[in-house]
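These notes concern the structure reproduced below.
By written order: A, B, C, D and E. Residues from 1 in each chain.
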Amino acid sequence: MTALVTENLVKRFGGVQATDNVSLTVEDGQLHAIIGPNGAGKSTLIGQIAGEIAPDSGHVALLGKDVTTLSVFARANLGLARTYQITQLAKEFTALDNVLMATNARASHNFSFWKNAHDDSDAVSHSLAALAKVGLLDAKNRTVAELAHGEQRQLEIAMALATGPKVLLLDEPLAGMSQGESAAMIALLKSLKGRYPILLVEHDMDAVFSLADRISVLVYGRIIASGTPEEIRNNVEVRAAYLGEEATA
Amino acid sequence: MKLLPTAIDWRAPRTIVAIVVIATFALLPVLVGDEGGFYVKFATRVLIYALAAIGLNFILGFGGMVSFGHAMYVMLGAYCVAIPAQHEITSGWAHIAIALAMTTVIAAGAGAVALRTTGIAFIMITLAFAQMLFFGAVSLKEYGGDDGLTLATRSNFALFDISSNAGLYYFAFVCVLVALYLSWRAVLSPFGLILRGSKANTRRALALGHPVFRYQLVAYVLSALACAVAGVLLANLTQFASPAYGAWTLSGELIVIVILGGLGTVFGPLVGAVLLLALEEVLPTLVEATLPDYKSNWMLLLGLFIFFIALALKRGVFGSLRGGKQ
Amino acid sequence: MSELLQVKNLNAGYGASSVLFDVNLSIREGEVATLLGRNGMGKSTLVKCLTGWVKPTSGSISFAGEDVTNAPSHKIGKLGLGLVPEGRQIFPTLTVRENLLATASNANGKSWNIERVVALFPRLGERINQMGGTLSGGEQQMLAIGRALMTNPRLLVLDEATEGLAPLIRADIWRALGELKKEKLAMLVIDKDLKALLPLADHHTGLEKGRIAITGTSKELEAQHERLHALIGV
Amino acid sequence: MTAQLALSQLLNGLQLGVLLFLLAAGLTLVFGIMSFVNLAHGSLYMLGAYFGAATFAKTDSFTLAILAATVGAGLVGLLLDRFALTKLYTRDHLDQVLATFGLILFFNELIRMIWGPGSIFMQVPDALSQTVDIFGFTYPSYRFAIIGAGLAVALGLYLLIQKTRVGMLIRAGATHPHMVASLGVNIKWLNTLVFALGAALAGLAGVMSGPIMSVQPGMGEPVLILTLVVIIIGGLGSIRGAFYAALIVGVVDTLGRAFMPTIMRGIFERNTADAAGPALASMLIYLFMALVLALKPQGLFPATAGATR
Amino acid sequence: KIGFVAELSGPQAPLGQDQYDALMLLIEQNGGKLGGVAVQVIKEDSQLKPDVANQVVDKLLEKDKVQIITGVTFSNIMMAVHKKITDKGVFLIGSNAGPSPIAGAQCSPYFFSTSWQNDMQAESVGKFASDKGYKNVIAMAPNYQAGKDFIAGFKRTFKGGSVIDEIYTPLNQQDFSAELAQVASKKPDALYVFYPGGLGVNFVKQFQQAGLNKSITVMSASTVDGTTLPALREAALGWMSGTFWGPDFPNEANQKFVAAFEKKYNRIPSQYAAQSYDAAQLLDSAIRKVSGKVDNKKAFHAALKAADFKSVRGNFKFNTNQFPVQDMFMFDVAKDAKGRVSLRTVAKPLVNHTDSYAAQCQMKAL
């Protein structure tokens, strides 16, 4: 089954054509990477898929269902999880509470007033596992404000994983991570790959080329090329618009 | 959430203060004896304010929704006693039931509109609703308009006898205890976690799949209900209901109580209520004793006191005490 | 060449938790230095000490000949420390042009102006009247660098300034930094791209859990490949 | 209803709007731009009125009264900021609410101690005490003067905020004060300046309304609420928004009061109309605000097209 | 021990202050005594909040155990505490607020008023307007209970002409420009207004600025009085006001009172002061009659009811509902002998006037 389809998405901001007729598909189990210059519209595209930004026209289908008019949380409840390019966390919460909040989203609503959220051992162990995956287990009781920038980026991903997603949207998961953490994160993504369909936006070309099954290149809101990593690496247009020298390295 | 200990530490200052406050309240009528009727009534008023503040704190401290109109639910509660009483309905349970039903309907409606906005706009729109209800009550000519309505007798609760001052006092005390316990449970529950999380980062909560609006609306209605019960009690205490109970100044006072006590702590509102009302009671006497000419200017001191508390303590009086284990 | 920045035995932290322990660092006029280390090792905390956002618990910092250990941020800024902070922090309610102009200064006789910044980042030229808050992540990053340059600093501090930038732009930035170095602008660079840092920088400081774990020139560092590997996990 | 009456009501609305704008401008600056919730803004208005009235009573010069009110309130604002409020800028909004609520009580009581509990008198300056005849109706010249002064201040403020470096810095400091400081600007003084400017405008509004309204302790609070309504409708932090919203609120409020009862009488029978008309008129601006917010939660003219990512 | 409750803080404080000052004036003149008995006055501020009023009254009743309470400035405060006090069998001598339920159905033997029932002032203005033969009158008041009562009272006694328009303004409204434009365009014979306290100050000033003082006669109730005139001064010249008392009353008791008050407090007393002074005189006479035995409630009640004192207003006696029966006067604002702006008697439209709710009062015997 196709996990995710966008059809002719269009979005303008005043004079800026941020998304220009974007159609793409993410097949089940596939890692589809989107690359493109800054301001090409990658985050805007993710926003439209997640439901935060309403497209001017076009459709989004998730797991075979048209979700164009659904709200953000309804899409999330269908199994869509995302990370943000610019960290979005509950600042005064501990790392664990942040993930716990995500874990609690697995049930589509949670109007439980009585039991202590920390007494739910299932949820807690699930959350701890998510923290462990990104290497943040030691930081579980620190509040977000006390985490270094890179650690916050890791937490960002732990939260998306903890919701038990069916489709993952990752907006620059490696941004802000040091080389060491990047390597660990690439390994993690590799292990996730195949299990979840993933739409990945990333500027780290080493990561993109080693992870992606398919790459689409977005320039000025338009997909100018789409294909296997090899095809993209050798595409002249892409090299001129985006990759520059790096592809040869 | 550092403000909220996950387990109770019996030796933490917060716990000790909480226990002392509760114990004092529990024993107060005994301590002051028969002669102290005035103190019992005063303490009842403190409890009633605390109850309303506990309600407000639920959305303000934990949900980040600064309602500047919660006095309207106090007023609503009071009128739900006075108007039925005018029509010879004196059962207290009926009064409470009417108050809860009316409040649920009104709060759900007002909340649904108000929650479209956030931040300062939310403050103002809740104020707007309260003002509308206030002017509505002022124009109720058949129910006394702004002169208000007097109650012939207190409500009649079959099991609790609140016709005596001590009876009403303990009734209010039980209400406060229940409200404290409920909000303690709710805040630590998944519901509370999500409510607090939505306050900290709404966008993220939505993206995780939480229907934030619904959570907030439910919390808003619950908090309004606490205020309505406070209104029912206030009407019984003063045997009077008037639009003044819904004035924006009272809404403001509730906010002050919550912040003074300690935003986002479960017990803070009670401490805040004790502090503010006790000061309003003590300061005039104090000033009179020292500078008799300036007795009527005691509010100057109250203002300064509040100002310096806000400046010095980041999390209110109770919130600044050390809590339990993190 | 004189010392432009000198950090001596610096200790700092947040409240009860200490983060930096006896850190030393010095940068001379026209020199380029780097800070290396994994996430959470204290690189940004050191930067915050330099800018006066975090007050050191002990040790001293002098900059441009003055002791700035406890100086207010704006004074340090006036002395010529130009910051590109972690997480961009551009002004969302100002247009791109206003972001560049608001804090511009030419006190140090250097000559950065809007034209030069736009020439460096043409993308900013296209967005010149757009609100900062609506720029894409990468555009914000360019703006943050441009904004720091507009203060015509004596020392440019870049805390992960290439985060989220497209490869082409990143290459542009490294090239631009190379040019700035030729103009004898001193720099302190934090970045994960060691490949780009090694040819650019004169010397490096690696942090581990807030302590200096390695120092040396690019050559010396390459020689200690193993150690470096362990330190930053290349 | 004649055209003259409609026109004079429009002028009335404009005059109210302009006065509200003077208050709203200062409040929206500190509130929207410095992100500081200053409930004591109304107190500065009150102080301005008292300073002005006292000076006017002593010297008989309205110019001096205006000077005293503006400078006096500005000075109080400056001192407040330097010695008390700076600490609060980085704190939670609600701490600011608490602190400035305390200040309201303090100032009201202080005024009562100094000038007594009753209203004090402030005359219209002689030069403006006449009425002007235009298009066949008379209109108080003092109110004309208010309109003129308000429009001038509006223009000046617009230029200051939108066109000058100081304005840019003020706006920049609202979101990232640390960053502004690190780029070499003394943000503290900048904030003080803004605060004092806002205070001075409040003082100006106070002295200008002195001859119209009663100058008495607590006069700031009702006005504060109305001002808050204005800046919410206008969109927080937007001087332009505050300007339009103030005029809209002024005109809507005035026209509503003037014509609502007549309209209601056209629809309902007299008794119902007399009961509902004024009640509706008191609710009108609140209704209007609720409506605006329900449709545009950011207000009519939001300061930023502010998407955050 | 006597309790005194009034608004002593906030914008309405001048009223409460006048009540208090007049009360204390008499006690001081009597050397700290009322009716020959040394009294202690416990002063409490009700802050214009009903629940606070309740609180302070509780304190007076239960902690201080007073036997008499006087004062009370506002109707809604009176409504909040009236029942509580009288139920306790404590005498309440109201020296200002007189809401209709208390004059009517809810009347109590323990309650006496030395002021008036709210409608009385309005009725005297209405009568005056009829006497003058005004045909077209516009009536204006804030939109709240008292405002409506004051217009109703006016209409009750205004005969021979018509109220062409009734304008109710929102209670929180401070600027009346819109309404004034309206009024000016209708060119009435006279305008009747009720704007108490600060509202009145605003209204009068704005009226003058709109240039209407010359063209329209204004009759007012509770608008220009001793508390607002110091702030209004010349702006109010020519305004008329209907009430029961003015500082220029020639009777001896009044001359003495006004002189003493001016001497002690350096201002012209307002009617609130006069009412309160009468309340003090009433207590003085009644306590003397029972020779200090206030505990004997029956006797004390009878003594109060007799109203055996020289009221500053001249004629004074209690009706069945224990509200005053008194003459009502019309005043205008003019300069007094010392050149100060004050009230001057111009007419006496109603003689031995009673309020219109007494019939609804079934006074219980004590």
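Note that in this section a contact is a pair of C-beta atoms (placed from the backbone, for glycine too) under 8 Å apart; a residue touches a chain by one contact, two chains touch by 3 or more.
Computed from a predicted structure; not experimentally measured.
Least step count on the touch graph, subunit B to subunit D: 1.
Shared contact partners of subunit B and subunit E, listed by label: D.
Mean C-alpha positions place subunit A and subunit D at a centre distance of 46 Å. Annotation: 50 Å between the Cα-based centres of subunit B and subunit C.
Distance between subunit C and subunit D, defined via averaged C-alpha coordinates, is recorded as 44 Å. The centroid of the Cα atoms in subunit D and the matching centroid in subunit E are 35 Å apart.
Residues of subunit B in contact with two or more other chains: 135, 138-139, 141, 296, 299. Annotation for subunit E: residues touching 2 or more other chains are 9, 13, 143, 170-171. Across the assembly, subunit A contributes 43, 84-86 as residues in contact with two or more other chains. Interface residues of subunit A facing subunit C in the complex, by the touch rule stated above, are 13, 16, 35-43, 85-87, 146-151, 153-154, 172, 175-184, 203, 205, 241-246. On the side of subunit E, the complex with subunit B involves touching residues 8-9, 13, 43, 45, 48-52, 54-55, 58-59, 61-63, 75-76, 78-80, 82-84, 99, 101, 106, 143-146, 148, 170-171. For subunit E in complex with subunit D, the residues that touch the partner chain are 9-11, 13-14, 17, 143, 166-175, 177-179, 181-182, 185, 198, 201-202, 205-206, 209-211, 227-228, 230-233, 235.
Touching subunit C in their complex are the following residues of subunit D: 165, 168-169, 171-172, 174-176, 178-187, 237, 303-309.
Interface residues of subunit B, counted against subunit D in their complex, comprise 60, 66, 113, 116-121, 124-125, 127-129, 131-132, 135-136, 138-139, 141, 248, 252, 255-256, 259-260, 263, 294, 296-297, 299-300, 302-311, 314.
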